[in-house]
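Two complexes follow with chain A in common, the first pairing it with chain B and the second with chain C.
And then the complex of A and B:
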């Protein structure tokens, strides 16, 4: 098992290189490349200033070199083993070194700190979303399979196709427009993760002088309701269908019949025998919905003005911030690939027949 | 000709079997209500896309002024309008008139007709650079026009109504729906219904062309991987893993931002990111089929690789790919509206996603007509393709087919 995990982790490296390469060359092949955007960003300058900026950018990013060399430069920068870079930009010995994600050119800050601010927010959204997706899809999938062909099953099936086709941006806009708008329902806040006065709130809700105070945690939950709904519904539409198919396969299996024959109540048959066998395909799917969730959070975050990875990415792209774009791609790629490995390990744990030796 | 060759190589009538089977699958697909409704909606969208200049136009379709009958709308048609209108009429006539020809031959002819028309009109048709929307409104108001025939919706998609009406209060768009603007106006003052109709064209063409591109790449890659296996397959699988792990929207955003906001760039990018699903299915089918007797026979006969891959293997592996294509069109349309919604779509062209983006104003105001109509159009179109995809998948399921 350990050798398998190590091998999988090592196999991640070429994939990650591939991912960043695709994004890098998409940028590099564009007219003018990254350099045009960077050099143009400073506005009006005197010729010698412009020359100095150009020289600095060339030394810093190697923009006067072919794209492939620029890519290797970046790879060397993020790799823990590579050529040591001297103060003047020349390359020294091949050693172990501290990897660096570079500096965000537009924000004048290390990329690591920018990403460290945004990543927890997106992770928080997804950590809340995934269990909800599972809870709904498992219960709905089981019930639909139990009532196969009946009204409930058909209703669930139709609803799921409809939910799956609902564009996130429409749901988000309608939610903001009708549910969070002062003119209509005004049940939830329109954007952000915290109230403007959140820093002055106590952590937990409570009564102060007989008056209810919402508190930091409940305020956060209140802000999260609409974004989480937008992220959730597409996921459970797919998963419910999968769960239903998987339960249907097992509900008529021999072991289920045996369990019924020995007099177990239907509830125990379903939840102890059938469910455990049906849940396996859902484990592998968890890994494949994560990139989708990350992509979906781009739209959700921009609708609800949440400063997570998705919004950071749009911002980075709009400002042509090369290192930031590459780092976000790297981090999200790393996340999805790690989830694939975790899913495979979970699969082996859940099903003793699966072995990776 | 191809039919003749097929019957010669297999005189026992085996060549007829796949065609009959595909016809049976198609009829099974469209028996359900969902797929029928989906197809109907797609027909509506396609009709709106093709006939947009005839359905929503500020210029009179025909008019008589000063004793002269003229057709101003025709003068302002651009090459894409002419290609679509003429191409569709000719194709429809051909499709129903030439029943003697096989369906694939007819389809190939239709694609050829559109291609030739596009080239010819691109070179010959020149629409006027300047739009003169106010000219005819002015003529109408001053009574210079004896009679005129207008399109059902009297506003072009880019008719911003800049000079109407003259008091500043009423000029602050968007306006809510009214009798003149059935679905209201958008931020720049164009008629929403007109823009909705013109946006059908982008949605349809983008869906088909980008999925066509993914189909081409996916079939080619999947066929080579599934047939050769070994290291080509290994490399291909790694590449597919790469494309799986990139959030597609990130890649599209980056490409559109760096290459410019152009319809063809968007088509290319969506096509290039969508091939993985198709390649996976083709590969799986080819892996299954590569050691089947008729493939071995084709190899033993010394047929060229092209023939083995695309004449013998592909027709038998195509069924699950069609399901993917249906879902692919849906996700391509969704991708374009996401780009437009994020403000990286086409400039000045009507798009459902871009209209949806204007629903929530910068000051927090909410224009419900800008949210409901374009959003519903995206939803219904995506839903239609998904319903057809689902129905197609069900009808391809051997467990379900056998029962009939």
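And then the complex of A and C:
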């Protein structure tokens, strides 16, 4: 088992090099290359400035060197062992060093700090969204399976598919136009994560002089309602159908019949015996979507002016912000591969028949 | 059976989970408090410093005159705050309240000279001071950090020296001349720095700070290539008296004064101790002597809101609005809804929405609206490539270019796309600018005359297929390249295609993604392209139209050459006297309209809504009154209650 894990981990290195190489060279070979978008992407650029910016970038990041050389420079930069880079950009001796994800070309700041601003926001949205999707789909799926073919099953199925077919873009814009508009339903704010006055709020809600103060935390929750609705409603259909199918498979299985024959109440049969066996496919799905969460949701983030990973990635791609794209790729690649290993290990633990010896 | 995960375990886990969540929340709360405490500590330090300053002043027996800095004025006309004093005298004038502006995107850094986006430069203009600025109404220069200036024009001596030493003649590819200690500086500008100006942290601003800022920005380790592209024209900045700085220019340059005057001054005591890398990677190192300062101070990071508060130590007349807040709203629907909800105070509308909104009663009740040409507005054009793969294209013939422009109903095109909120342009100069020659009339829309010109140029439909052919028999077919993503380029291309087909010229639309588009421009690998340039109160057209700029990477990507225009541009750029320079620019305008290297399309208007509670929002020559002159009467103030 241990040798297997070590082998898998060592195999990750060439895989990651492969992934980043594809991304790097696609970018380097795309028409315009890396520097081109930068020259005009910041808007308001006067013709005089273009040349100067290009020269500076070439000198600072070596964008005019052959792509293969640039790639090795980048590898050296992210690797914990490699050549030490001197102040003037020349290479020193081969040592252990601190790996660095580099600097965003567009934002002129270290990639780590740029990602550190966006990642918590995306994680916050996901931490709220995923449990909601799972809770609703699991309960709905079980009930639909229990009442197979009846009104509840058909009703839930139709509603979920209907929700699934509503485009997020449309729902988001409609929500802003009606639910967040003072002329209609002004129930929720239009966008962002905090109120204009949020920095002056107390943290928790409370009464001050008999007047209710919403507080920073509740204000955040209030701003999250519409984005979370937009992120969740489309996810129900797939999960519910998956759950329903899986429960149906087990509800008539031998062990369920035995349990019923034992005289156990139906509730116990379903929630103790059937559910346990049916939830496995959902866990498999969870393992595969975890790395995807890092990507965030571009559409929802754009509509509600939330600066998460989705927008960061799209921005980076549009401006060909090389180091930022590579870093996000590297991190999500690393996460995907790790999740696969963990899943494989989990199979072995869960099922004694699986062995990697 | 005993090892089952029971209800008790579940409750235990739930309690544990809750505990963890509570601890995390508590950590966040302390973190927030920490920020607040830092802010308070900063303010306390600041106040202690102010007290010390006052105490010293009192001890040294200096009289603190109520008039303050105005004592240094030499004449009433030099008062940069005449406009603000007029505002203060208005009947309902009151200080207080906030302006909440919206930004379409997040600024990744506010550090001056490093940041590149327009959002950051808006913030910086309120925090940093310049030596002089333009009066928004008269567009004349008025003194700010400088009390007066002197421009020494040695252009004549400079050119005489160049004529005597012909080896140092400038070449088209080298932007600067080789160093030569004997060569006189063609332009030297001396500024007298105002006394008694202090930065927002209480330290005085002196001539040394101006010199420092120049040397700091010119350090190649500083990530400011954009600013250096302009400042390169200055050979050195020196302190030439106790309160006097002199800017020495390498070459005679008409924008010399503007370059020196709009140079934002940084405090030496603060930036001088930073090493370049810290400065390059910082996000909120923004300290100046302007009317506002960043509330979060140097601790600002892009995930925090941008809030500017009044600089209590401002040396001049403090602007009425107490706080300027920026909110990032990415999409237009949300921006409009936020404006309707009163969450933001200004809303710049696209023409399609504006037509509906201007008759909307709810908007009329809550907002005042303005249609104006912004000072930094731009123009749309179609550029005809005259040289492709080393061979002249049909567009190399001036009559063909004129014919195409006459065949297209530019007025109708402008009205369809901008819904009339624009002005047909005849050249690269803004209609607000003195460079603009009012006698230049756009080419008429006349299909027959256009057809005649084409026929004279030899383009006749010889084989009857509906497409005209050149004398050599090649059909006149070309691609119009434009960037994707902006819908009205698409419509514009269709309109042009339609118009041209009437005289037998076949055009294909060729939309390209921005980076590919850029590459094509660089390689001059296109037939015709459509794009826009930003213009200004006085614009340099050297880069786009001068014959020397047809080299690789230059912005004369259509390989347009006209000796007379080149001469006029060169002459205008080295003429410091405004009146004679404007005559030369007017001549350039005439030549460009005559030659049609671009088909000039239009100058767009800004369509802006401003919340009704603001007074003194008016239309001036340079656009709207600056936010520093807006005020809210006491009874309408929304964010500050007294």
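Definition applied: the second predicted complex is superposed on the first by the 273 of 357 C-alpha atoms of A that agree within 3 Å, B and C clash if a C-alpha of one lies under 4 Å from a C-alpha of the other, contacts with A are read in each partner's own complex, and residues count from 1 in each chain.
Simple rule for what comes next: a contact is a pair of C-beta atoms (placed from the backbone, for glycine too) under 8 Å apart; a residue touches a chain by one contact, two chains touch by 3 or more.
Quick caveat, the model's predicted, so the values are computed rather than measured.
Participant: Counting only touches as set out at the top, which of chain B and chain C does A:18 meet: first, second, both, neither?
Facilitator: It touches chain B, and chain C stays clear.
Participant: Of the partners chain B and chain C, which touch A:30 in the superposed model: first, second, both, neither?
Facilitator: After superposing on A, A:30 lies in contact with both chain B and chain C.
Participant: Touching A:328 in the superposition: chain B (first), chain C (second), both, neither?
Facilitator: first
Participant: In the superposed arrangement, which partner chain does A:307 touch: chain B (first), chain C (second), both, or neither?
Facilitator: A:307 contacts chain C only, not chain B.
Participant: Looking at A:114 after the superposition, I want to know if it touches chain B, chain C, both of them or none. Which is it: first, second, both, neither?
Facilitator: A:114 contacts chain C only, not chain B.
Participant: Of the partners chain B and chain C, which touch A:336 in the superposed model: first, second, both, neither?
Facilitator: First partner only.
Participant: After superposition on the shared chain, which partner residues are touched by A:190: those of chain B (first), chain C (second), both, or neither?
Facilitator: A:190: touches chain B and chain C.
Participant: So in the superposed three-chain picture, is A:199 touching just chain B, just chain C, both, or none of them (first/second/both/neither)?
Facilitator: Touch partner of A:199: chain C, not chain B.
Participant: Can A:298 be said to touch chain B (first), chain C (second), both, or neither?
Facilitator: Only chain B is touched by A:298; chain C is not.
Participant: So which bits of chain A does chain B touch that chain C touches too?
Facilitator: Residues common to the chain A contacts of chain C and of chain B are 30-31, 173, 176-177, 181, 183, 190, 302-303, 318, 320, listed in rising order.
Participant: Write out the stretch or stretches of chain C touching chain A in their complex.
Facilitator: 25, 28-29, 32, 100, 106, 108-109, 114-118, 223, 225-226, 228-230, 280-281, 283, 301-305, 307, 325, 327-331, 333-334, 337-338, 340-343, 362, 376, 513-519, 522, 533-534, 540, 543-544, 553, 555
Participant: Which of the residues in chain A end up touching chain B in this complex?
Facilitator: Touching chain B: residues 14-15, 18-19, 22-23, 26-27, 30-31, 158, 161-162, 164-170, 173-174, 176-178, 181, 183-184, 190, 288, 291-292, 294-295, 298-299, 302-303, 313-314, 317-318, 320, 325, 328-329, 332-333, 336-337, 340 of chain A.
Participant: So in the complex, which bits of chain A are touching chain C?
Facilitator: Touching chain C: residues 30-33, 36-37, 39-53, 55-57, 60, 103-104, 106-110, 114, 117, 173, 176-177, 180-183, 186, 189-192, 194, 196, 198-199, 203-204, 216-217, 302-305, 307, 311, 318, 320 of chain A.
Participant: Can you name the residues of chain B that touch chain A in the complex?
Facilitator: Going through chain B, the ones touching chain A are 34, 238-239, 241-251, 253-255, 257-260, 330, 334, 337-338, 341-342, 353, 356-357, 359-360, 364, 366, 368, 371-372, 375-376, 378-379, 382-383, 386-387, 390.
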